[in-house]
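This report refers to the structure that appears directly beneath it.
Just so it is clear, A, B and C label the chains in written order, and each chain counts residues from 1 on its own.
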């Protein structure tokens, strides 16, 4: 499939901090996960791709339009859904009114069609029953879903979600995964998260960002494969391990370079992620 | 996804979609305007304007013009909160431009503000009333400075609720300006002072500058204009 | 990574020693103080206040301050700081609501009133910084070589107490009105009402309700004649500030604390006592002393004799005798005849009967050989005094000098000015319209002197001559130059100068 988003050489500084340093990537339909430690530049990259903040350098296109021009940015925004890391609300609006407000801002001007669309996205995120409630009365998880509904309104072709599952309970998170997976059918979804299992379950691609640069770009299986032969079990904490912890079974699970003859274990995506972050050996495989 | 056709903009001219969006936006935006701050500013402003009349005694032109200046500053302090929008992050990347959203807020507030100002001017007894046009320029400058400050904070710092900081800076400016502006600018004169006309020439200049700054700050840059990028444009 | 085993000894429970919460409050107060003092409005206000004060104090009181005036001059600047503190502390108290941390902070160990006390203490710190600035300003004045008199600690306290009062108001306001726009709007209204009300009610006890109370005249009185209820006012301000602060503590959940309620009651009592005390006007003893100082100052004077001159001054001004003597000696050095060592009495006088409310000119002294000197010095006062000395040396007494309308004016003015570093500049300074040609009134502490155009012209001619030559001519013609009724033309003739063409009529 042809890429919906392609970016090359994106750089952004805040004062002396390099938030993004020469980031290049291509996104195609489906869910792409963006992993990285705190301060890696994930939110900045998402804000740049969502046209909320312009980059210092570099070029990118979204759905064939260049957001670096005012006209191109408008075109991108017409096809964009953005869920910020800390969404804000007008607490006196009802859920319906708030999503309706955002839908108007997305230039959905036909009243009947818009109201249908707002009801549809609210149903989709499971808020059909509380759409008449004021946002100040909603719980944290519900508010998060209102923000997702606002992002989904207008059927965007490109969806940017910044840590949407933070602060949700396991059941809500499962529900969110379902929503995002559905949203990823036919759309390009970029999902920033700290949860490696979200990525393992949802994403067909994963990008690891650290220190403002791309450390890995490939499939989750490829990321997991990086840890193949580098996870082992031992009786005590292995001094040569990058990380090791006692599991519930009483043995230690170690990640790093195993000693000869070690009892190797099946790696997970998280092991691959940890090793990628640690490696000065990180290379972009895309 | 069964949503083809809801977006009026699909193939119809963009301008029409934008106009439609603006009209439908009036009601929800009117609800997001921080009316409490504006009403409080207006009410205290009216109180200030009414003090000379309420005091009973003879009202001097000095008292009249300063009552109106205090009223204008109150109104401007209220207006500093006009661009406060807790949902700014959520609506950071929507196609309706920021300048239109800001302009809509201002347009909603302007008619009541004009009526309010007329009332404030009329509250000052006629014998002490300064020339209405000139003193309106002063009030408009204060208002424009407040809006320019708020728009600047939104554009530069991405602030959700710039009001508090802008109001504080505006207040500091308002208190220090009469003390620190050079006397030959004659900004804070009393009607009848020979420098009144000159001073109001300066006020008009200030108003134009503030309006220009506000207009510039309302736009949303598509590219960052830093010294570095000017020197070496993007490498692509 | 290892998990803690259950056998590991549990950390010893942190038991708070009694008074620990006060330690927490003081730690929080230090934190809030740092935040408050680095807020932009406070920084700007302090910068402007200090810069303005330094810029003004460099040249204030012409370098010869009376400290009983200098203390009042410290009161207005801190109001600017006070407004900034009001605004900033108000925003600081509202911070936890604005960023929605109240829910979190509300369940912490430190009670809500503890946080309020920390904010109040940060206001106190700002007041202390102001006190340092006020102290610095006053010390600078006191260290000037020409300083005389005594400052009043109560007047000096007004500045810091104003900051405390306004800051306390800011904290209380944040607890009463949680909207962030309340403080800026109220400040505008307060400022407006303050300027408006002082414009309307200049007299009476109401003006003492304001933090800083200015005076309308620039007359300098001996410190015991000032008659301002400064101590009462400081008590009132301090009590009022404490009342607001105690109210803030009570409002933020401290109502159950017995100390807080007692403090509130005490503060209200202090405020009332101060308010009543300051409203009683000038005490009778001061009024009597003012009359005595104005009518029979001799009884209060201490006299010092230097060469042929006796300097009688109020005790506080004794250090200034040297400055006066220098001016007298300059004039005497140029005079001829017996004027060089004729006994002279320089008598300090002041019109104190109207207090600080009005300036009044003094009637000239009628006794021969007596010269009036005022309570202020430096700047224009010096040539004015020189004119008075010269007038008495030439005409014999101040009363006759005031009626002077003949050629002797030229001699008087020349004697007064020729010894000065820049005589023509001083001529402009003593003349009421700052001119150096044409006719004009010469300002004096007592009766003003008149100069006609012709006399001005002649004086300028004389001043253009080298000083020694002019002095020789004046000394040579001294008897004729100082004879009553001598005409200006005759004076020109005696001095060997061209006859002036200007008009020569006294008005």
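By our rule, a contact is a pair of C-beta atoms (placed from the backbone, for glycine too) under 8 Å apart; a residue touches a chain by one contact, two chains touch by 3 or more.
The structure displayed is predicted, hence computed values, not measured ones.
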{"item": "Interface with the most contact pairs, given as the two chains involved", "value": "A-B"}
{"item": "Central subunit by CA centre of mass proxy", "value": "B"}
{"item": "Averaged-CA centre spacing for the pair chain B and chain A, given as whole angstrom", "value": "38"}
{"item": "Whole-Å gap between the CA centroids of chain A and chain C", "value": "67"}
{"item": "Complex contacts: residues of chain B adjacent to chain A", "value": "1-9, 14, 17-18, 20-21, 24-25, 28, 31-32, 85-97, 101, 158, 160, 221-224, 226, 228-229, 234-236"}
{"item": "Residues of chain B defined as touching chain C within the complex", "value": "36-37, 40-41, 44, 47-48, 51-52, 55, 57, 60, 62-63, 66-67, 70, 73-74, 77-78, 80-81, 161, 163-164, 167-172, 174-176, 179-180"}
{"item": "Complex contact set, residues of chain A against chain B", "value": "8-9, 12, 47, 50-59, 67-70, 72-74, 77-78, 80, 82-93, 97-98, 100-102, 104-111, 113-114, 116-117, 120, 147, 150, 154-155, 160, 186"}
{"item": "Chain B-touching residues of chain C, taken from the complex the two chains share", "value": "40-41, 44-45, 48, 52, 80, 83-84, 87-88, 91, 98, 179-182, 184-189, 191-193, 195-196, 199-200"}
